[in-house]
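Okay, so chain A shows up in both of these, paired with chain B first and chain C after.
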Partner chain A sequence: MTGRTDRLVRLSDDSRILSEQDCQAIAKRVFAFANGGGETSVNLMSWWNGELRWARNRTTLASDRRDIRLEIWRDVGKGRGNVSTNQLDDASLEAAVRAAERSAVLAPIIRRPTPTQPPLPNPERPKTAIWSDATYAVTPEARGEAARALIGPAEAKGMQSAGYLEMRAGSHARLSSTRMGTTPAPWDIPYTAWTQAQCSMTVRDKEGTGSGWAGLSSYDWAHIDAPALAARALDKCVASQHPVTLEPGRYTVILEPQAVCELIAIVATSMYREIPEQGQGPWVLSYDDVLGLWRSKLGLKVLDERITITHDPADPLLGIFPEPWLEPVTWFDKGVLTNLSFLRDYALEKLNVNAPRRALTGYRMSGGQTSVEEMISTTTRGLLVSHFSDIRALDGNSLLSTGLTRDGLWLIEHGKISKAVKNLRFTESPLFALNSIEQMGVPVPVFRPVKNPYEQEAPLTPAIVPPIKSRDFSFTSTIDAI
Partner chain B sequence: MSLNRRTFLKTGVAAAAMAAVPRPLYAQLGRAPELLPPIEDPRLASLAARALDSARGAGAVYADVRLTHTRTRRFFPLFTYDDEDMEVGVRALLDGYWGFASGPVWSPDEMARLGREAVHQAKTNALGKPRIVTLAPAPVLKNASWTMPVQIDPFAISPFEVQDHLTSLEIFTRRAPNVGLVKNNAMSTMQEKAFASTAGSYCTQRSYLTMGDLAVGVYLPRTKQQSELALDCVSAAGLGWELYAADSIPRVRDHSLRDEIVLRLEEAKEDAMLPVKALDVGRFDAVFDETSMANLLDGTIGHATELDRALGLEANAGGTSYLNDPFAMIGSYVAGAPLLTVSANRSEAGGAATAKWDDEGVAPDDFTIVKNGTLVDFQTTRESAGWLADAYAKLGKPAHSHGCANAPSAVEAPMQHVPNLTLAPGREASDFNALVGGMSDGIAIKRASLDMDFQHGSGLGLAAIFDVKKGKRVARYPSAGFLFRSTEIWKSLLTMSTDKASRRFGVSAQKGEPPQTCYHSVTAAPAVVKQLTLIDPMRKA
Partner chain C sequence: MIQPQGNSLVRPGFVRRARALACRTFGAIATAIVSFAMPAHAQTMFQWPDTAAHVSHYANMEDCLAADDRVKRSVVHREELTVWRDTIPINPRQALEPEPVEVAKTASQCAARFVEPNIDIRDFAPALTLFLAAGRDSDATALVARRVAAPARNARDRGIVVDSAVGIYLGARPARLDAAENLLLHRVRSSSDRVERLKTYATLLISTRDAGDTVRSRRAAQWIVSIADSLTLADRQSDAFERLADGNGGQLYIYDALDELTGFRTRMDSLKKSTMAYATLERANWSRATGERPEALQIPIGVKAAPLSAEHWYPASAGSSPRPTPGHPALILFLEHTSCIGDASTSDAHPAPECVSRMAEVRRIAERFPSLEIDIVMSTHGQFMYLSPPSPENEATLIRDWIDAHHVPGAVLGVTTTQFWRLPAPDDRRIDKETPNLTHYSFGKSWKVGSGSMFLVDSEGIIADAWRLREEELGQFIEVLLNREHREK
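Then we have the complex of A and B:
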């Protein structure tokens, strides 16, 4: 990025994202343009995407995309104004600051008075290393080469491969004019650069009778064994051809790790302390007439005792966008609900502890030692599920959900896979499945690509989960889609 | 700053205009950055040409460039939030492979870099096995220009007028006890876009999209629960602030927004007064309201006739299509009853996907997808129309793009997105209530939302469902849904209301990798479908 301010600021070939110095310089320029006192904050994000998409065994698009997002908050009097842009030249920055000031005076966000908060006890937690030079260094040539190698085996077998390779890098800094060079507040984000790589593919036969999928995401491209994914997708496609119709009903299921993480994603989004306190959600126990409040299930056993779910923000495999104040949390300990997430204000006001925000932004689930093959060999009759699609919640209290199996579903009879079966719609609660576990395997990272931080939708939660075998999983109808 | 809202309001219209003045952004058209001119400024054509020259010089056989300037204003009752972005994206074709490069800077140097980079991206893939791209012909546009007509430009009026409007809706709704707005915000986008291609086309257009998130909450003291009623008459539309302010909008609402709120509340009250009945699982004739029909059309034929999806290009993302053999199906596949005719356009006034030219510089045509129950066409772009050349030839039609290339902004590569869809109305001179009145025994379905499978061939519908006996809704089912197969449900279409009962809704659709979200409109009238499978969606096996 050029440092000269009389030129339009662009990300160069050498530096595809903003550096820490760039961010500091931009923030200082924004702060200098502010009139009339009051705090000015910037949330500055930049990203680069190197992408390759293929279908029908040929690359359909290769792309290099970059963008910037600058959000400016201006506090004027009791009001706060907020604007955003992707233009970083001086004139645009000044214009954006003026617009934020206009907005602060004329159409303000009413600021809550910020209570005097004690400093957090340990602001210097180890930074999550979510930067990988290997990811950043992958060239378009390397992506093209990789894609051809992934397509080759499928095409040689007469199959149709479609897939996506993506390498991303980004930077993020949230800085305030009142805290430049001093201890950051819990809502500040010191400069962090991150990378993210993902590879996924679907192999289908030309008649459309079989489909196999495999994918993995990680901050580090070196952690993704793309040829192994290609082989898995192809194997699944071949094995899933010409499925037969199976009656819906309750089946013992062997859920591969990807299916487990898709099924229990809704549990991760339910982990808020406020929800049971309002008498709702899966973690409410009962109303306490004496104290006049809702009691939650915190401290009670709610899942199979073999399940422990933890999150260490310093684990790069669970790395999401930087939030240096997040602490390691055990969410479920041997099946006991031990934590629910809360904001810092909540911690200070209601829990009376000086703790940072707590949030489930990634998780590692405990497992066992049983391989999927062993699970199959010990199953008299059941279904092997590759992954799920289109899951939606039907009931927020029981987390009853419905969704579809996709890209490979097989019937297991007498310890062996006997045939491919047509996809089924399930109607089941993940909590039921996690309480009906028979066997668990070794936890592995799964495909949970993290979205850009400025995107409005909730980011997917990175996860490390085991395959599980669970009893009496409820399938309610067959579907024709393959 | 001595300015406050009170003094501002006193100063009147001039100050309001000042607050609405766009922020100056800068582009470098010559030697130095300068204020961003209107999109029609001829010097932007030179800037765009720089990218094309660069791509051509690097070896592209075809290239196009899009420049977008997007203003977004999010309105809340008490504040307004502005976003303003500039993007540029260059697409290059070389030996049958596409490359794309994009970024946020409009300058000659950056145009040149993006042109080179797009070709570089294409070249890395052209090393592999051959791929053939035949672009369907598109007339060359010479400095064409268009602005979407809107009655009230949301960026020309004071944002406070909008805030006051939203606040007044809250106050108006709260007059009744236990009622209030639980969602009340709106968003307007104005996008200026310049398109240029190496074929010699150059066009600019300015379009608008306005949408609201408006929901009435009704608190029921007896059960201590709150039910929420969303008002879909403010769903995404190619309109300005008239989406809220107009007394009526053809095919969207016949009354003012306040009257619409009152009507919906009365309707909700009427629905809630009906006794609850245990569900009879089985097959029943069903009356669908216009919202449900629009969602049904969009979820089935709307997405299944995206040609790229049908041919497997979305297999690794959203999925494929139950219309899985377009070449053989065009002109012969029975997609529904003879009553079923579905057309598509990007020309309808107020449509969320309406544009003069698509992201490939093609003027979209109005086309029929299903005619009298037979599948006759798919949604196409310049590249995908070429795939259908043989099928079109059999029908005696030339292969030409329907102009469905679209993307949220120039930073995303254009791809095929769903255009505005219209379900041709029937001849039944009646609305939803009249269709219910004509039913002796069956069910009535309102506000259905659908969970479609990844081939859009079957789905689960969740809705407000009522028991109908002798022409009256006599009970409501507290938990009910319906299962259907796309082709079966359209073949079961018995009757449909006339155009008078048709309503248009704006919907969003996500597609691609990385995912892109674009908007389109769906217009449909209430209809009767026979033998729908009613289920309890909460019931496990």
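Then we have the complex of A and C:
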């Protein structure tokens, strides 16, 4: 047993992920084991995941895990082999390198040299705010204490609460033996470390008639006011008890920021240039017979003019992975569609620029100064929506979507919340809602964690979104679930 | 009784050694006895698992075909490690060469369990493919006969069966031209539709010519010409006729057949006389095939070649005189680096195979005919591989380096700066204007020049060929033009 545990990397509590020095040292050791020349590349990922989940006011899961993944590529002769491991002692590393070399020999690939190879471009990677010492410092005990503080008020009021607290950290580096200490290639990944914290909580009454939810995610645990979230979830639960059934139809809706964010997620899936330029999606304008191509709505006003959606990698609240060619983007400028994402091939061929436009992931949406309370007070008859769930698109061209309201839906009558309402299914296009805006509030960060950025290689997706009041939002049926 | 301790101490040394030896010997014997007594199977010795694929155990034909395909791909892959087929001349009789031994052996082993009379007629296509791959042609013939004889809803369905069988026969290696021809002729005899028969004969012409069987291709050409003479005006104006030859119309088949019957030697004889004589011959064939006037020939033969224009010439001195050079035969090759170089977003920007083969072909021609002028025409696009060059000059230099790397001796490169405009911001898409070279070398709607297009121009600046530029024929064209030039001088 001693031999086995010795093979696993030992990291102390204050170094739960690999540091830059650790990565370079491991890479150098791997490179030193290579036989027979050729390039050796390593992809080193480490992560830590501390979580606590509770249900019915009792903890059901508390874990503090960490792991490492080392991928080794060896180019030997005409072949390329790769192997993955998480065992970092010398013997294991050497065995892994040998295994990669054996697989390279067994599976030679056809390599046609390019006749000429101009120098590769060297893209810059911006600095982004994705690391927080506060997140990294949270211990299992601290998570337990935080959960106790969240559960306590709900329990004291006789409510059932369920929730999830999670802190993650990870590091990633992709290094090559041929470029150690020199300019990295675009596909190399300089050492990057990131954190992500999330806290979400659902409170329900024991009769199962009311439900309240609140949640927030950020790279920085210090940005998350967990007790305030707990209080909000509890308040919503209390207020949503004993809902009445309301006839579906078109209503003026006040969408809280979380609900707005969930609607915009549908829009984000369409923000690619290729879609309208192939004659599909919501942003296609028409076919140009003279030029023989599809024109898009780029440059045209497509949303309410109060809406501007941007992303600036330097925004301290919108940190995403510092990928090459990451630049500030304005997706919608005062309602005008100004950007759609595209790949680097497209950029070179159609725009003659050497930079892709990254997909709409993290973003900041403009807002107004109207508070939700003011929106309510100026509404004769409408609905206040906490958030949506199970949204799916029905039609790619209009973005017509359907989904359910969840965890709190209230009827507003004559400027006041009159009663809680049973959940409704909506069938509406987010574009319609974003074109029928009456009022907008102050943008705030919302709950938008990435499930596992390390495994999915997905970027972090922070968003800052305002509440909005929109008219004639279509609800098509009632839902019994609370 | 207790022995006095001193006795053992005084025991002589040889006695102690003898006892020790006896103990060791006895111990060894005992161990050996125990070892022999142990059953052999109690030892678990590691053995590599049997990972060999026993194709003879495969229960269905799809598995056999998949196995055969895997073997074929591994053979091809192994060959491609050392042989780049696209850089060597095309083997015109490749279709008649057998499959590699491993492939045929796999098919044979796997097909052993399938007996023809027991094959379900619904498995006709995979079974026929497998029998042909296994070299069981008699079983294949019996199967096809059984399938064709099976009841069909109508003639169209039966025609589909025949088409499938012909496709499999021609796709097999070696291609079974005999069997395919028999089936097609059987089909023709059973059909009174002249357009349908024309199509069938054209299939035969194309497949046999591609396989290098000139006897069969000439025979098919004769049948096409015969049936063409019997086509009525209604036949020629029918939708079915218009749909032939990938929508270009059945007249292309007829023209192709006339060309086949004219023969390469006859065409070369007319070219030896003059390019216009050759053009007249081709135009006459076109006129006979289509009923149109001779000048309507869609192929730009006998047309004056426009001078090439370019902002960047490599070598620079090439730009000081008109190209193609008057009084000298020239081969003009149009290429677009955007079509030739693969994925722009990575460093593995491999050239497209068709460009590789084209450049290799031009290199061989340049080496064979050092006196032939070779003009490569390219244009800028604002990008090169994974780069966005800052200026057209910069891009032209990158293009030149790329062409230089193909080592075509004596080739002249002309790079045109493509004029373009952009859609209004924020769209910003680049819209290229057609370069003068593209305009001058495109002839009507039917002859658009593209990457890989070649034109052979004689010493009088007249296009001698732009169509049938297969390497072995192209070489003969060039030889004739160069001899003519020599004679004229």
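The definition used in the following text is that the second predicted complex is superposed on the first by the 375 of 482 C-alpha atoms of A that agree within 3 Å, B and C clash if a C-alpha of one lies under 4 Å from a C-alpha of the other, contacts with A are read in each partner's own complex, and residues count from 1 in each chain.
Quick note on the criterion: a residue touches a chain if its C-beta (ideal position, glycine included) is under 8 Å from a C-beta of that chain, and two chains touch if they have at least 3 such contacts.
From a predicted model like this one, the values you see are computed outputs, not experimental measurements.
Student: Under the stated touch criterion, which partner chain does A:Ile68 make contact with: chain B (first), chain C (second), both, or neither?
Tutor: First partner only.
Student: In the superposed model, which partner reaches more residues of chain A, chain B or chain C?
Tutor: B
Student: With both complexes superposed on chain A, which partner does A:Arg295 reach: first (chain B), second (chain C), both or neither?
Tutor: In the superposition, A:Arg295 touches chain C alone.
Student: So, does A:Arg53 touch the first partner chain B, the second partner chain C, both, or neither?
Tutor: first
Student: So in the superposed three-chain picture, is A:Thr338 touching just chain B, just chain C, both, or none of them (first/second/both/neither)?
Tutor: The second partner, chain C, only.
Student: On chain A, what residues does chain B touch that chain C touches as well?
Tutor: Common interface on chain A, chain B vs chain C: 108, 110.
Student: Taking the complex as given, what residues does chain A use to touch chain B?
Tutor: 6-11, 13, 35-36, 49, 51-53, 55-68, 76-77, 82-87, 89, 91-92, 95-96, 98-99, 101-103, 105-110, 139-141, 143-144, 147-148, 160, 162-164, 166, 200-202, 204, 208, 211, 213, 248-250, 389-390, 392, 394-395, 400, 402, 404, 406, 423, 425, 427-428, 474-477, 479-482
Student: Report the residues of chain B in contact with chain A in the complex, numbered from low to high.
Tutor: 1, 3-5, 8, 19, 23-28, 32-33, 78-87, 89, 96-107, 109-110, 113, 117, 120-122, 124-125, 127-129, 131, 159-160, 163, 311-317, 319-320, 322, 324, 411-413, 451-455, 457-458, 460, 462, 483, 485, 512-514, 535, 537-541
Student: In the complex, go through chain C and note every residue touching chain A.
Tutor: 77, 80-81, 84, 338, 341, 343-351, 356, 381-388, 398, 401-402, 404-406, 423-431
Student: Can you list the chain A residues touching chain C in their complex?
Tutor: These residues of chain A touch chain C: 78, 108, 110, 112, 114-118, 120-121, 185, 187, 291, 293, 295-296, 298-299, 338-339, 343-345, 348-354, 356.
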